[in-house]
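First subunit A sits with subunit B, and in the next complex the same chain sits with subunit C.
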Partner chain A sequence: MAGMTATPRTRTATPRQPGRPLRSRPYGSVLVLLLAALYFLVPVAASLWFTVDDPGKGLTFGAYAKGLRDGGMATSLGLSVRLGLATVALGLLLMVPTMVVVTLRLPKLRRVVEVLCMVPLIMPPIALVAGVSTVLSWEDDLRTTPLWGTFQALHDKNFPLVLVLVYTVMSLPFLYRSLDGGLRAVDLKTLVEASRSLGASRPGTLCRVVVPNLRPAIVSGAVLSLAMVLGEFTVANVLGFEPFSVWMVHVGEYEAQLSVAAAMLSLLITWGLLLLLTNLAGGRNRNRNRDRDRNRTGNRRRTTV
Partner chain B sequence: MAATTPAPARSGAADAEQPPAPSPTTPAKRRARGGGARRWRWPAVVPFFAFMAVCFGLPACTLAYNAFTVVDPSTGTSHYSLDNVRHSLSGAYATGLAGSVKLSLLSAVLATVLGTVIGQALLGAGNSALRKAVISASGVFANFSGAPLAFAFIATLGTTGTVTRLLHLKSTGFSLYTFTGLVLAYLYFMVPLMVVTILPALDGVRTQWREAAASCGATKAQFWRHVGLPVLMPSLLGGAVLMFGTAFASHATAAVMTGSSVPLITIQIANALSGNVLVGQENLALAMSLNMVVIALLVMAVQIPLQRRSNRWLG
Partner chain C sequence: MTTTATTVQQATPASPGAGGVGLRLRGLRRSFGATTALDGLDLDIAPGELVALLGPSGCGKTTALRIIAGFETADTGELLIGDEDVTAVPANRRDIGMVFQSYSLFPTMTAAENVAYGLRVRKVSKAERAARAEELLELVGLPGREKHYPHQLSGGQQQRVALARALAIRPRMLLLDEPLSALDAKVRLQLREEIRRLQLELGITTVFVTHDQEEALSMADRVAVMKDGRLEQCAAPNELYERPTTPFVAEFVGTMNRLPGVVRDGGTVEVLGRRLPVHGECPGTGRTVEVLLRPEGLKVRTGTDADGEAATVRVATFLGSTTRLLLTTDSGAEAKADLPSWEADALTPGARCTLTPHEKPVLVEEAA
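Entry: the complex of A and B
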């Protein structure tokens, strides 16, 4: 009954404040958001302070100077970037044609591909690397076969291909999700049929029609995979390679400040990458598509004339 | 132009031919229909399946197979046995598995609740610029895990951390290198992940439902108890499962922050793999990995039927 008597009051109050129906005071929301901001910003601020504050000596930028002088940092970061780019390239080369063909021609396989791409979520990286390291330990038994050379190439210190392969497996869920979203958003069948009936070859259709239309999805999958690879520690550490995050841990054993500075750098890189993603996949792309549409109509007019 | 003109002509001819003679096909027609389609189908899909078979199937099968074999160190022969699995489920390894499950459960529940509350607060604040900023920040922090996260927390709350010194936390007995410290650190990337995951579902709770409930005389609490939460429940549970999986699989943060002081299965596997143990231990690591996969599988299996239910309401 109390609820019923309260009703008319709310009903009459609502039209008087058209801006805020029902949610009359967002103080609670603001408080929650402020607390959350505190929890997320304090560690960043404290870490930044940690890197420049030398107890007893005051402010120094020694950690950053050391990081710039340290050859290990450049080498490991370079390795991480190369691994990341190779992973993205391999992942996209595998996934884009597969997803496109499955959507167009083999819808029965869609479920299979989805499950296969999601399986790495069930297999934690540490379990995956346990299996991989066992497979790599077969190397000695294969010394007499041609496969031995392959194994040698797999764990070449300068560019460990095995990491690219494992990272590609680990990035499949990201790639699948973003490509699936992208493919649902465009009418692929019509696009491909139009392109084919205008005489474009299949690879031409894929490169010049399908890929540009999937660009936001491709960019988002690529950036998420890249961010994952740049921060990855478990697999590289167990297999004995030294990309950026492993170097960070090794250097932390004797240079705490330097490793925290490296951690902040890695946060900065992640932030930059994701910023790039929102800019590339967001507004600008839409504009560009509009431009391209305009160009396309222009071209068509020219060809018919 | 040269390429486009013959194509319509050919398809026109094919259409004209179709009714009287469906089976005897000209070469051109075969290329345009079945044969071409088949050629375009498989080569694009084969690399993916081959890649999965070699790079995922092979390690996974090796894992499952070797977990059940024991290598005799003296003779080098191996035989089928359940010893590894039994060993991996007893003593210190059982403690590690239980510790991992406990840590993941606690942080998953906390992350689900906090992420939802923050998400709802974000919608409640009703500011689109703020929303955009929080979403992009969540994206960054959700990806900020592993070794860098561990260092950020060590610099903040470690023994010589900035906040530890500032607030004299040492005298209160607080230590980052404990179970609590790990939960605190895990939440740092799990809560943003939950915010990003749950926001679409929270958006799906329509204002009309709220207004309908209010005009029927329901209070805010009653609305959430009888309408909001039941509708969100599948998404919340799905999010919780995702959180559990993320926490359960994560290794680097704990390894860098606490070393082996908090018993966790991921750290035990890494220790068993990294060589400074006996020969047979490698298969023990595989058995432990298998336990992890089984647990992850069981938890993830909950999510599949839930997803379907939530799609019905919030799709």
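Entry: the complex of A and C
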């Protein structure tokens, strides 16, 4: 019996000192997190409540049903998505080869390209659109030239190419920053030379080695650009087109609840779209990162040979 | 391992095998702005030979390797692989395998995908690629690592995969750009032996750039010492060490003493009380020179006598089988001498001794 009673004493050999917690509780961090969550969630929750609360009828989803039935919403949202995808495609086609060439061949031009790409960030969209409007006003002067057809295509209401061009310029800072970060994270020169020494052509190297290694940066730039296009209002409104953001404002002038419901739906759709893009393009990298994290944890316990 | 290597050679009839191809560099010049990286480099490498390009930073060895690989273009001169002039051939058409200093594995590909990359570019069938990748990974001692990503491999393992990747395309020759410099000492030693073993087994002509003389001397058939874009001497390691043709080579490879001497008649020099034949350029009789002598080329005797020059031991460093003594002669010159540790017991700091050189031809340089 004596032996049996001894065991509990051994287990409590390192008694906790009274009044001294083993680890201080992170009250400060929780408070900051709570405040940030409130900052983001309160407006969303208020908007949601506004859309479902009808003072006469109580809780109703009528605004959402109306929005989904509204042809204008589908058309404008479709246009925004198409503009966004075209902008991302054009921006990447323009920026990926440029950044790769600058990194590999013309590193001295890096600062110049950076400054050029950052200009749209400091230039107000209204100034940009003023310039674009002036150029578009030349249309009448060009009526007798082959350029007239191009001008017509530029502001086709169904798919205004001029918006794609302007949005591409506006997306340059996001694409530059993302791609620059991605390029700095890999030893591009060595990877390209390794690929070339193994017989790959330059385009082959770009597709097989460079782009896969830049995938996280490309996805990040694409997501930011897409989000920018989906929310852009000034340029589209001044040029007289009606993508989703403009449609929402127009609807809000006479039907506030529908406008906010559309905003809520757009929020969901945008999140869904961004999530889809991130998953489609970044799946393998995510697995790689997960493996790496797991490996790092494992390495702490063993010596690598 | 030998069995595996034999299998590879049997399975790859197009491989260079024991023959390999020769490489000739003719008058290569390359400048970067005002800096001349290569200043008329001439070098012949025999088929199946491993030549190390050795030299201090900025001597042009990496530029030479990059020109051979096709990543840089020479301003003038020509480059021949076998009988083919490849001076203007782009890097991807030279059929040269290369292992880089930094880890150059493609991070998004597994080890097997990395090894098979060159074959994929050549549109080799998937099954053949997989088989070749497996074979090569086994050859470099990494069986079963096919599905590992580079970040899941250690530095040494990554360089092995890089070597397998370079060999997978059955290159005409192999270029190694300081492939061991990023590795820790133990792995470096192990991998250095494995690279040499593989190179000998495959008989592939190899150019190896390094600034580590021990690495160059232990691995290469011949070592090409470069300085200021030029070739100083290209010779077998023992010849380079024993009979350097220039003071630069003598001092760069191994440790060298510079002791005062005077040139005497008949191409001899008097140093430490002895007359030694001069090897290489010899200034006129009576000129004061610096005589280059290896630490192991000095004899140290306990006590002082008339034969040689009296000296005092300043520091004795035990290095295992040998002990290195730092001595000051009575005339004020400093010298390092290596002798078997069992002979150095009495030569503690402060001990008096006599220093004499071995009777061997020596290099001299006019005193500044």
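Simple rule for what comes next: the second predicted complex is superposed on the first by the 232 of 305 C-alpha atoms of A that agree within 3 Å, B and C clash if a C-alpha of one lies under 4 Å from a C-alpha of the other, contacts with A are read in each partner's own complex, and residues count from 1 in each chain.
Keep this in mind: contacts are C-beta pairs under 8 Å (C-beta built on N, C-alpha and C of every residue); 3 or more make two chains touch, one makes a residue touch a chain.
Keep in mind that this is a model prediction, so the values were computed, not measured.
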item	value
Contacts of A:Phe233 with subunit B and subunit C, given as first, second, both or neither	first
Which of subunit B and subunit C A:Pro43 touches, first, second, both or neither	first
Contacts of A:Pro97 with subunit B and subunit C, given as first, second, both or neither	first
Contacts of A:Ser197 with subunit B and subunit C, given as first, second, both or neither	both
Subunit A: partner with more touched residues, subunit B or subunit C	B
First, second, both or neither for A:Ala65, with subunit B first and subunit C second	neither
Partner chain(s) touched by A:Cys207 [first = subunit B, second = subunit C, both, neither]	neither
Contacts of A:Thr278 with subunit B and subunit C, given as first, second, both or neither	first
Which superposed partner A:Leu147 touches (first subunit B, second subunit C, both, neither)	neither
Residues of subunit A at both interfaces, subunit B in one complex, subunit C in the other	197-199
Contacting residues of subunit B [partner subunit A, same complex]	1, 3-4, 7-8, 11, 37, 40-41, 44-45, 47-48, 51-52, 55-56, 58-60, 62-63, 66, 114, 117-118, 120-122, 124-126, 130, 134, 136-137, 139-141, 143-157, 160-163, 187-188, 191-192, 207, 210-211, 214-219, 222, 245, 248-249, 251-252, 255-256, 266, 269-270, 273-274, 282, 285-286, 288-290, 292-293, 296-297, 300
Of subunit C, residues touching subunit A in the complex	69-71, 90-98, 100, 102, 104-108, 117-118, 120-122, 149, 151-152, 154, 156-157, 162, 165-166, 169, 175, 187
Interfacial residue positions of subunit A with respect to subunit B in the complex	3-4, 6-7, 10-11, 20-23, 26, 28-30, 32-33, 36, 39-40, 42-44, 46-47, 49-51, 53, 55, 93-95, 97-98, 100-102, 105-106, 109, 113, 116, 119-135, 137, 165-166, 168-169, 197-199, 202, 224, 227-228, 231-234, 237-238, 245-246, 248-249, 252, 256, 259-260, 262-264, 266-267, 270-271, 274-275, 278, 303
Residues of subunit A defined as touching subunit C within the complex	186-187, 190-191, 193-201, 204, 208-209, 212-213, 215, 284-285, 288, 291-292, 295, 304-305
